[in-house]
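Both complexes shown next keep chain A, but they swap its partner, so chain B is in the first and chain C is in the second.
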Partner chain A sequence: MSNVVSALNGVSRSGIAVVEETGLRGMVTVRGDLASKAMGKALKDVIGAGVPEVRQISSGDKGAVAWMSPDELLVICDHGAADEVVAALNAALAGAHVLVVNVSDARAVFKVSGQSARDVIAKVAPVDLAPEAFEVGMMRRTRFAQVPAAFWMNANESFEVICFRSVAQYVFDLLAVASAEGSEVGFFN
Partner chain B sequence: MLTLQCPYCGVWAEETELHAEGEAHLKRFGPGSDDEAFEAYLFMRENPKGVHFERWRHSNGCGKFFHAARSTTTLEVFGTYPAQTLEPPQEIKDKISAKYPGWSWREFA
Partner chain C sequence: MSTRLATGGRLLNKGKQLRFSFNGKQFTGFEGDTLASALLANDQLMMGRSFKYHRPRGPVASGAEEPNALVNLGKGGQFEPNQRATTTELFNGLTCESQNHWPSLEFDVGAVNNYMTRFFPAGFYYKTFMFPRAAWKHVFEPIVRQSAGLGKVPKDRDADSYEHFYAFVDVVIVGGGVAGLQAAKAAGLSGAKVLLMEQTAHWGGRSMVDGGEVDGQPVSDYVDALVAELEAMENVTLRNRMMGAGVYDHGYVLGYERTRDHTPNAKGPRHRLWRIRAKQIVTATGAIERPLSFAGNDIPGVMLASAIRDYVVDYGVSIGDRTVVVTNNDDAYRTAIAIKQAGLEVPVILDARAGGGGALADAARALGIRVENGKGIAKVKGGKRVTSVAICAQAGEGAVLEEIKCDAVAMSGGWSPVVHLWSHCGGKLTWDDAQAHFRPDPSRPPTSHDGEAFVLVAGSANGYLDLAQGVKDAHEAGKAAAKAAGFTATRKAAPKAAESPEAAMEPVWLMPQGAGPELRIKTWLDYQNDVKVSDVRLAAQEGYESVEHTKRYTTLGMASDQGKLSNINGLATLAGQLNAPIPAVGTTTFRPPYTPISMGSIAGEARGEVFQPLRRTPIHEWHEEQKAFFEPVGHWRRPYCYPRKGESHAEAVKREILQTRNSVGMLDASTLGKIIVKGPDAGKFLDMLYTNMMSNLKPGRCRYGLMCNENGFLMDDGVVARIDENTFLCHTTTGGAEHIHGWMEDWLQCEWWDWQVFTANVTEQYAQIAIVGPNARKVLEKLGGDMDISKEGLTFMGWKDGKIGDFDARAYRISFSGELSYEIAVPASQGRAFWDAILEAGEEFGIMPYGTEALHVMRAEKGFIMIGDETDGTVIPQDLNMQWAISKKKEDFLGKRAQTRPHMASPERWKLVGLETVDGSVIPDGAYAIASGENANGQRNTQGRVTSTYYSPTLDRGIAMGLVYHGPDRMGEVIEFNKVDGGTVEAKIVDPVFYDKDGEKQNV
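Up next is the complex of A and B:
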């Protein structure tokens, strides 16, 4: 068995916000008819979560399910559980026109926390991050400066950011600069 | 800055989250069509001063293609709509008519 490592070995930096690579995370792309009964039942049985509404993320006892597009979801789970999740979803969705793929190792995950987290995200993404516009439970696919990224917010107002592993260093450097000491904007706090 | 609402995910996306994909409602002429139709399909485009229909892609987002109706002179956006259609929705045509009575664009009016 190979020694699986995350893109940046858990690097972190702290300034007006704390930016850290969270390490390995299980991610499974699911494409298919999101409105079908089979899809709803499969996610309930395997993850314990319902099919999220448009641009939302729902959570269950074994992970979370994020809405990616009208025919795509992203299941987020433990890294070690991803292959089992793929097998279980494929079994539960047998016969349906679906695609279930483990994409865990194609991605990197960062956490941005602290009082200025909203400001830091707002510096790099064309997204309205006002407290009344972006709330817990939302999932937003967008760009972080020049690369695609997606993020959601945890209950404690910290953000989790996912991006392609190939641009992990770029995204970390970007977030590190955006959260550098002395770069407060103070717009959202 | 141009802002369009993606009809699939509902995001009010600013231009940099989108990618322009040329003219909307093109009818494809492929193998078996005559040269003139094929040439028109490949090269002949509208270049209007005013009402225009475009294809956009929410590339840094849900990834879907959609259509937008807007004015090339004022940048006013009349609306966006899913790409699974052969013509603009009546509601958008009505909105354009209110502003530009008698407008026409290719076979639409």
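Up next is the complex of A and C:
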């Protein structure tokens, strides 16, 4: 399908951090028994990653799996692969009581990078972003000011932020305000 | 004269001169000055007029406790009233004006109130209420309105930016004096993550001025070394210009950081509000000196002894050439010594204690200062500044023994620990008789969820006014905080410091102790609110025994300083009048913030574009390009209509409806809630949620359903599609999506946790577009694809997956307009392209988008109800004649039991009918159907109300729906509805389906 567009067409802004919309990302909500062997195997087979621990994100060769709640995971993959991932997980989990659904287009994804990226996130999310408290492999489902959001961190200390597509503009504007020039907090350095 | 001294001024950078203006006059100061010290250096002692009597006022203090020196600061978008000159750091180009004066600070008309003192006693405002009503309206209110208020209200939009910041630490220490620094070191050495905040720009607090020795070195050197040491510790953060504003439950602390107030043109946020979670909090907030209560103690030039000392030492400013010191304790002798050492005169020290002072008094005498024991001030003389004091015996009634010329008075009534932050979350106080103050009671601290203390107190805030004791106490507090936060306390001992014993202070609540009414009426307790000893006594006489009541009655301790100087003196006065011990009278409640914080800091980033989130569909941008007129629906903005050039909204709505009814229209329905419900028990679950049966719906089919809450009231409606044996997709109203999803999860998690059902809110996964009208099918067929959408291929209330054009689509053949209608859902990322494709395909049919108003009118023409119009939380499905949607086969559903309650089952309830105005006009929104007679309240009786009312372009007349008493039994009857202009409009009760009663148009 041509003419497939993300919410904000890859807009970006830089201040004390660089905020950019990363474009479409495949996302699949998986609800079921996270402790079951079938779940672990299905994710390993399809994504190459296991079931993450509470508030963690695990990655594999075909994507990542984030913990969302005691019975919910979020699989992150290529946008074009999401329907196949849904089909493959449904097939692998056939017979089990699960819900696997493509939610890729319900979301927007932003990257926040640069030296003050931690500062910027800590201005809008009630999360401990100290280097010793928030590390690669962690995932937080939280709020960004007035809307729900979730984020994790890449190895280079850049953050991936996901939110609902309808509030993409709000979240972008919010992150742009939070990364305004001269607003370094300097608490984490 | 107050002036700049040739020497001194430890905080000043005399190499950098700054220009500023006050009431339009140009002045200069130095970098490091506060606005107050710079004004004083320019002999501008008088900085404002008092609130009630408009008396001339100068600063009393040098810090956050200042009640008088408030200014309107800045201009335009940076204007802010009630800024304390004592805590405003001077910057180049600062402009400010004094407050509460008219026409000028020097000559003020309101000062006439001063001569009317007797007519403005305690409880003046309340007493005015007792007069005839007319007196308040015509006499008191105009006067009070004219003279009340301190600063001006800002008129311009705030030009600055603000932000929040979330921080998590083990130990927060509030106060960067020597105690706070020592506590930070002790906690930091124990390994805890420490955040130390100090409200001023400087470390060390009072010790830097007061001196003393710690670890064998001058305390100022000790502080410098300590700061350097703490700055080097990775687990310790020091932030100055940051006030601990409030302490809340579970270790939540608000830190108010004034990042740019001292450099207003620098980039970045002006204030940052820190929202901190701490395991332990140490309040090292210091102590505040109390004024003494003598006649004329509010005349400019009368200041706290510590403040006069601060101005000399910190800013190199003398308040006067001749300063009389009056005290009840040894500390004020430090001021006398500092003044003398600066080369100025102290004509006399009046020590109210008959026995006089200790070592410090000896030191003062050694400098040649005259000391009078057992003496006090009968009266301060002067107008806009002090000219002399009349001396009397403290034990007497104020007979003047001697008059001494002077231009400043340094007073000290003892010190009160700053207990505010300890008290915010429930820490209790104990009365310390020896020092005549309240201090934190360590046995009754604020406690957290586990019953354990989470606030500790250190140094002079804990009542340890002696440097050596304070440092030791702080060291222990820091260790204890770290231990309580889960660390092993450092074994390092507290630094050694020699105690410097002082003679005991003696409480003095009135000077002289026998002062009569003529003196008491000129003896101020609360400067900011003009409350005097006579007012508090009067309140007590009138029966105000509770300190909280006295506060409200007299305004003692109100407004922006919240009685930081006046509280203890005021309640001691009240206790004296009530013949009760001070601790029995108690204090008023300490509430956050410690000093006022800016509204901007509270709002944080939430202003302008990010004031509130606005939800946008994938097609929102197109709507904006068309200049659609939007209406808010929840946080969404939906097009109400798409007016063309020169077209009114009503004309646009009419055009959109006629086009849709006659050919084809399209609607962005993406905002509709879409929730997937899946699992072996999904059918059973939906049978409980909806009033009608859902479990027998066949895959590939849709059914309209109603949802009630447990009280039986109609809550939401929508079309449910069965996807497969285990999966349903429930459409909700636009505003109901999140709530209904939460409602489902609530029942699944809390009540029916053993049912095998999962839900997912996929509202935003899809762009959903309704193509509506007789030509709808033709438009879709033009797009092609692999889907059979013919009359037989996709029947009414059916759905199908497939391709429309090359879009991944799910088509629902459902109709909310009565026309042939398809709702097509495509992935949101394809939404805009699909919308464009339909526009293009529909061009030959004149396709145009319609907005929510056209949607509303068309559904009303069909008699379809709308959640929020026909329902308001008090309406049950039976009121809307929707018994057909209530299953009689089901054993139970949410709301079923409630709907059998007598009032719900009553035949007397108002019921839905259609309404046709006799003259064809439109009934006003919200109109009531009037009935004869009046109710018990003298209001006209009613027999119904309008729920939806529109002009119908299809029928070219006004149509409405409404709830009417026995409505369905009164078909054809004409009833009257009231109008906004007072008249009435007649309407005939009819069937609510106005258009295509047989539903033929949607079945083609």
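Throughout what follows, the second predicted complex is superposed on the first by the 187 of 189 C-alpha atoms of A that agree within 3 Å, B and C clash if a C-alpha of one lies under 4 Å from a C-alpha of the other, contacts with A are read in each partner's own complex, and residues count from 1 in each chain.
One rule holds for everything that comes next: a contact is a pair of C-beta atoms (placed from the backbone, for glycine too) under 8 Å apart; a residue touches a chain by one contact, two chains touch by 3 or more.
These numbers come from a predicted model, not from an experiment.
Participant: Going by the touch definition up top, name the partner, chain B or chain C, that contacts more of chain A.
Facilitator: With both complexes superposed on chain A, more residues of chain A are touched by C.
Participant: Return first, second, both or neither, reflecting whether A:68 touches chain B, chain C, both chains, or no partner chain.
Facilitator: After superposing on A, A:68 lies in contact with chain B but is clear of chain C.
Participant: Per the contact definition in the header, classify A:90: touching chain B only (first), chain C only (second), both, or neither.
Facilitator: Neither chain B nor chain C is touched by A:90.
Participant: Name the contact category of A:29: first (chain B only), second (chain C only), both, or neither.
Facilitator: Only chain C; A:29 stays clear of chain B.
Participant: Where does A:6 make contact in the superposed view: on chain B (first), on chain C (second), on both, or on neither?
Facilitator: So A:6 only meets chain C here.
Participant: When the two structures are overlaid on chain A, which partner does A:105 contact: first (chain B), second (chain C), both, or neither?
Facilitator: After superposition on chain A, A:105 lies in contact with chain C alone.
Participant: Quick check on the superposed pair: does A:143 touch chain B, chain C, both, or neither? Answer first, second, both or neither.
Facilitator: First partner only, chain B.
Participant: In the overlay, answer first, second, both or neither for which of chain B and chain C A:126 touches.
Facilitator: It touches chain B and chain C both.
Participant: Touch test for A:178: chain B only (first), chain C only (second), both, or neither?
Facilitator: In the superposition, A:178 contacts chain C only.
Participant: If we overlay the two complexes on their shared chain A, which of chain B and chain C does A:164 touch? Say first, second, both or neither.
Facilitator: second
Participant: Does any part of chain A touch chain B in one structure and chain C in the other, and if so which residues?
Facilitator: Common interface on chain A, chain B vs chain C: 126.
Participant: Would you pull the chain A residues touching chain C in the complex into a rising list?
Facilitator: Chain A reaches chain C through residues 1-7, 24, 29, 31-32, 71, 79, 97-99, 101-107, 119, 122-130, 133, 145-147, 164-170, 173-174, 177-178, 180-185, 187.
Participant: Using the touch definition from the top, list the residues of chain C that touch chain A in their complex.
Facilitator: Counting only chain C, the residues touching chain A are 161, 163-168, 193, 237, 266-269, 272, 275, 277, 604-606, 609-610, 612-618, 635-636, 676, 678-680, 756, 758-760, 762-766, 806-808, 827-830, 832-833.
Participant: If you look only at chain B, which of its residues touch chain A in the complex?
Facilitator: Touch list, chain B to chain A: 8-11, 13-14, 16-17, 60-64.
Participant: Report the residues of chain A in contact with chain B in the complex, numbered from low to high.
Facilitator: Touching chain B from chain A are residues 54-55, 67-70, 126, 140-143, 148.
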